[in-house]
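Only one structure is covered here, and it is reproduced in the block below.
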Amino acid sequence: MHFASDNSGPVPQQVLDALHEANTGHVMAYGADPLTDEVTGLIRDLFEAPNAAVHLVATGTAGNALALSTLCQPYQTVFCTPCAHIHMDECNAPEFFTGGAKLTLVPGDDRMTPEALRHAILNEGNRGVHGPQRGPVSLTNATEWGNVYDPDQIKALAAVAREFGLPVHLDGARFANACVALGCTPAEMTWKAGVDVAVFGGTKNGLMGVEAVIFFDPAQAQSFELRRKRGAHLFSKHRYLSAQMAAYLRDDLWRGLALRANTACARLVDGLRDAGFGFANDPVANMVFIRMPRSVHQRAMAAGAVYHIWEGALEGDDPDEILTGRLVCDWSTSDAEIDAFLTVIGE
Amino acid sequence: MHFASDNSGPVPQQVLDALHEANTGHVMAYGADPLTDEVTGLIRDLFEAPNAAVHLVATGTAGNALALSTLCQPYQTVFCTPCAHIHMDECNAPEFFTGGAKLTLVPGDDRMTPEALRHAILNEGNRGVHGPQRGPVSLTNATEWGNVYDPDQIKALAAVAREFGLPVHLDGARFANACVALGCTPAEMTWKAGVDVAVFGGTKNGLMGVEAVIFFDPAQAQSFELRRKRGAHLFSKHRYLSAQMAAYLRDDLWRGLALRANTACARLVDGLRDAGFGFANDPVANMVFIRMPRSVHQRAMAAGAVYHIWEGALEGDDPDEILTGRLVCDWSTSDAEIDAFLTVIGE
Amino acid sequence: MHFASDNSGPVPQQVLDALHEANTGHVMAYGADPLTDEVTGLIRDLFEAPNAAVHLVATGTAGNALALSTLCQPYQTVFCTPCAHIHMDECNAPEFFTGGAKLTLVPGDDRMTPEALRHAILNEGNRGVHGPQRGPVSLTNATEWGNVYDPDQIKALAAVAREFGLPVHLDGARFANACVALGCTPAEMTWKAGVDVAVFGGTKNGLMGVEAVIFFDPAQAQSFELRRKRGAHLFSKHRYLSAQMAAYLRDDLWRGLALRANTACARLVDGLRDAGFGFANDPVANMVFIRMPRSVHQRAMAAGAVYHIWEGALEGDDPDEILTGRLVCDWSTSDAEIDAFLTVIGE
Amino acid sequence: MHFASDNSGPVPQQVLDALHEANTGHVMAYGADPLTDEVTGLIRDLFEAPNAAVHLVATGTAGNALALSTLCQPYQTVFCTPCAHIHMDECNAPEFFTGGAKLTLVPGDDRMTPEALRHAILNEGNRGVHGPQRGPVSLTNATEWGNVYDPDQIKALAAVAREFGLPVHLDGARFANACVALGCTPAEMTWKAGVDVAVFGGTKNGLMGVEAVIFFDPAQAQSFELRRKRGAHLFSKHRYLSAQMAAYLRDDLWRGLALRANTACARLVDGLRDAGFGFANDPVANMVFIRMPRSVHQRAMAAGAVYHIWEGALEGDDPDEILTGRLVCDWSTSDAEIDAFLTVIGE
């Protein structure tokens, strides 16, 4: 009953096999190997973007921070939601990599609205040299609250960004989960909707630690490789990143893994709904934020369930107080685990 | 005949096995897993440093830059050699991670002398607030030229640093090759000789990408974890770093791999010496800088040998001009490859 | 009728005289002159802080950004209000000087409440290495909205900071105006209330460009001089900063200037109140935020009044819409100007 | 007998008068005042550069660091001499403002040669993403050793920079002294010789603290104003910088002041030469590096002369050891002071 994070599970056998397969002979380091070229080609095909600049990094934070630093000057500000990973969970990495840019929090929930975005943009960059200048708009899909923007919603936000000449960054740590939930293509979720640079996440969806940063206009990627190197994120034995990503792309493994995670989550959601509990999000991807009484959370955890309380504190006097817990499924979450959890909370 | 780099070879089967073994079930992310604890213990044991702070990162540049940023204020300068990896090959990563510190190049070769170091230190930090203040001394062992400092040499350099109250950083990308060449213990090469923080490299010696950063005084490591996170170098699926490092430490695999690399290099060196060529370094570890006529280099490369010309240009009019080539052996370099190379250059 | 800013007026004759008087012979540069020593002594006396570290800079932003960078690590966050000058009007200078720290906006108005501060602190720094760590609390007095914290209010906020071991910074661009409005001593407004570092502003109160940064615990100022130098804020001909500050301190000129500005503002406030308009702040210092219909603002500006509309837009269809204008008085604002303005708006 | 620095003397009466004259009424802050416009026009005229972007700052380090940060990416390196002020005397300000760029020291003396520059450029930027990329070339005129590049020498260096597409920065802390020594126009010393951005220094030549940063191609200045603001170098009461610079430009005051300084230095040089001492520089501007026995330096200082020993240590056993002292003249250095010094050393 481990629902703490999609960072907690194992990787599928295909990934181990790919590492094994790649582990032969000498190849040139730093990405000058054939497997890396192959990955570039596979991603361009998948995204229907034959000219895209594609670079691999090992952490999602690296993908986000490097991509933003390429698009954002140090005297600018990035527009994001108050719960954005780049704001909440990267220990100032965006500020570090951009050389001191600011993050402007667009008021609202985890899904930005075009109105709130336009308002926030208008409010910034209107004080001449005194305030920060307007910089990139950063979206997350699926969001940190497990919600999903559909392509039209992204298009509407990107249109606002375009009005002001601002580029759009997509944090895709759970890109696959969103894509599968939406039933759309990667292109529809990104450049066709106005996204300039996407981080196509692999780590949370079954890789050991690989993300692809994709610039749809390669001119925007000009400094990325240098920033990756000086950020110490260029792997010498790059083939081991490429091998994982190649496995992820072959036979649509990435889609299959996300489908398993989303399906597991749906099973969990159904059970929770049947048990009469409410949700703090629209759990169409692989995370559910469940609103249950403290006593139920306590019983679940006592029985061995592992997950985070997102709102409220597990310890407290009132057993009936409603606390929000975050449960995350990954490709390896078993029906048995889910059913065991549902049994515990249903008791 | 691939001698381009110790970044080019495969990893030993034990590493793949360890990844396979670690790939089971759910564990807490970001290093809060039992395997990571085990690795910390193994490294403390190996280094006879029960209180050391130990952190894993995936690239050597990350290890160096993060370690230096922990020890060096932005208004200070790091003392290193003109050929130091941190100066030559990290695209300003030390400047980036320290927030703009300087590197002061201590004149001389790849092995700093105590006299040159003292002179450089005296020359800096004597202009009040106008110049940079004195910061860490950074050594590399084995050096970028494949030479080795013995513990007494490190001790003498560290003693100079101590005179001025400066900490000592050791870039150990080829730590194992040096240690095996010296026949000393890791402790003798580090804290017993006055090193404050060592990067114990795994990547060049058979791992996919893992380095251990070891602070012998944990108080000095205070901000390291935060800097690692904001540098985007904290792995969520940390177990896959730990698994590799655990394999590396078990049964002294690290030592065995380095011994294989050094032994291969010795075979190469013997052959080159027999062929009458001179060396630009003292090739006791796994790299030889060989001085051969242009025509011989050209013949070798035409026959498929892969390595870098370090001094001079491969193309040129004079076939007899002596060029320095760098040949690197790793644990997987075969006798057959070496002998093939020796045959080609001996023709 | 120039009420645009207290940056717009001239300097009093005493300042010019002091520059003239200091302009004789050769003295050592970079602050190693007797006048600078005298200023240090005068400020220590004024603040009843015999051990304070005192440094002069030429801009308020430099004072704030350098002071914060001395107290705040790059992986921390500064707590301030949403309208703080450091957030709104310094073009990311705090982020730049701290090496990428974040600013956490404490919800509420221009005067932080202890409850809101505690809540904001509790919300940050509770995500381990993932989020930014808690850093300094930054207050402004008088605030950007011309309001004033009294010593008890500062004490209450500083007490919250102390609970969490956080230092307190005071942006004192309008320190004198607050101090005069409160009728308290500089010590009561700062270290006696728990402030660790104060920027004692001179520029907005009659100097050409001089601010004193005062660390009450000199140990906290350790790196300030180096940061000032590398920030390019150490003046070689430092005597001209010192001369201005010395004049400012002699005979309590600073207090007299602020009294004139506040008194002028009070005259303006009385007239506005008599004219039946409401205020968006509590105008006890030298700024009034006046709520008047668009048509009245338009008439005033057409008649030559110079000031900024703070909320709303001067152009618009509805002549009766209430817009908030900011009017600032300085030591040189004349009764005639005020009366002329009141006449215009009263027509 | 104060020859410590051209930072030590007073300012001429015209500067005080200009401050007095500018000190009337209210004007818009931050450079939006008529005097600032006038200064821009005067500088464009003086430099025969009608489109130049002109910005004032208060310190030479600010001018250099901000100009370089506008031209240099954080993953690049600046080419300068080993004795460049930006390297030796700015406490890492260039590294700070550029976000972590490196400085590559072009071997040789204070005046770079085209051959040495070309060699240094070729040596950098040839390691792909591993090393820093090539960035601006930075020259100082007059140099830190009081020597002067003539326009042809600058042209030859700029031509090398152009070969590689690199911009040229001129540190003109002693621009006027060089210009007067050369008898050339400001345009000949700058854009006509290939300089992209010049810092036209006023501080060392008689202002309290004002330097003009001049971009001959305004497109290169795009971010300068934002960088100046976030560097806390935009003065709110900007008129007091402009007033000084306006006075400096009117009636060629800048040239007259430099002429006085250079003439004073020539008198000193003549006397020293007559006394039989040798020089470590070619003292055509306002600094002489004089090689005299320790005993003579000691006698001079005992008699009250103030200057710095540049090479060697004043204290020492051997009275006959030759030490190099730096003597600097400014516009206010009197013949009497010089003669008194010559008398002392001639005794």
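Labels A, B, C and D are assigned to the chains in the order they are written; within every chain, residues are numbered from 1.
Operating definition for what follows: contacts are C-beta pairs under 8 Å (C-beta built on N, C-alpha and C of every residue); 3 or more make two chains touch, one makes a residue touch a chain.
All of these numbers come straight from a predicted model, not from anything done at the bench.
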* Contact-graph separation of subunit A and subunit C, given in steps at minimum -> 1
* Taking each chain's centre as the mean position of its Cα atoms, how many Å separate subunit A from subunit B? -> 34
* Structure fact -> Taking each chain's mean CA coordinate, subunit B and subunit C are separated, in whole Å, by 51
* At what distance in angstrom does the C-alpha mean of subunit D lie from that of subunit B? -> 41
* **Residues of subunit B touching at least two other chains** => 30, 74-75, 90-92, 96, 99-100, 129-130, 133, 226, 229-230, 234
* Structure fact -> Among line, ring, star, complete and other, the chain contact graph is complete
* Please give the residue numbers of subunit D that touch subunit B in the complex, ascending. => 74-77, 88-92, 95-96, 98-103, 105, 127, 129-133
* To do: State the interface residues of subunit B toward subunit C in the complex, per the touch definition above.
  => 30, 73-75, 99-100, 128-130, 133, 223, 225-230, 234
* Touching residues (chain side subunit B, partner subunit A) in the complex -> 2, 4-5, 7-11, 16, 19-20, 23-30, 57-62, 65-66, 90-93, 96-97, 203-204, 208-209, 226, 229-237, 240, 306, 332
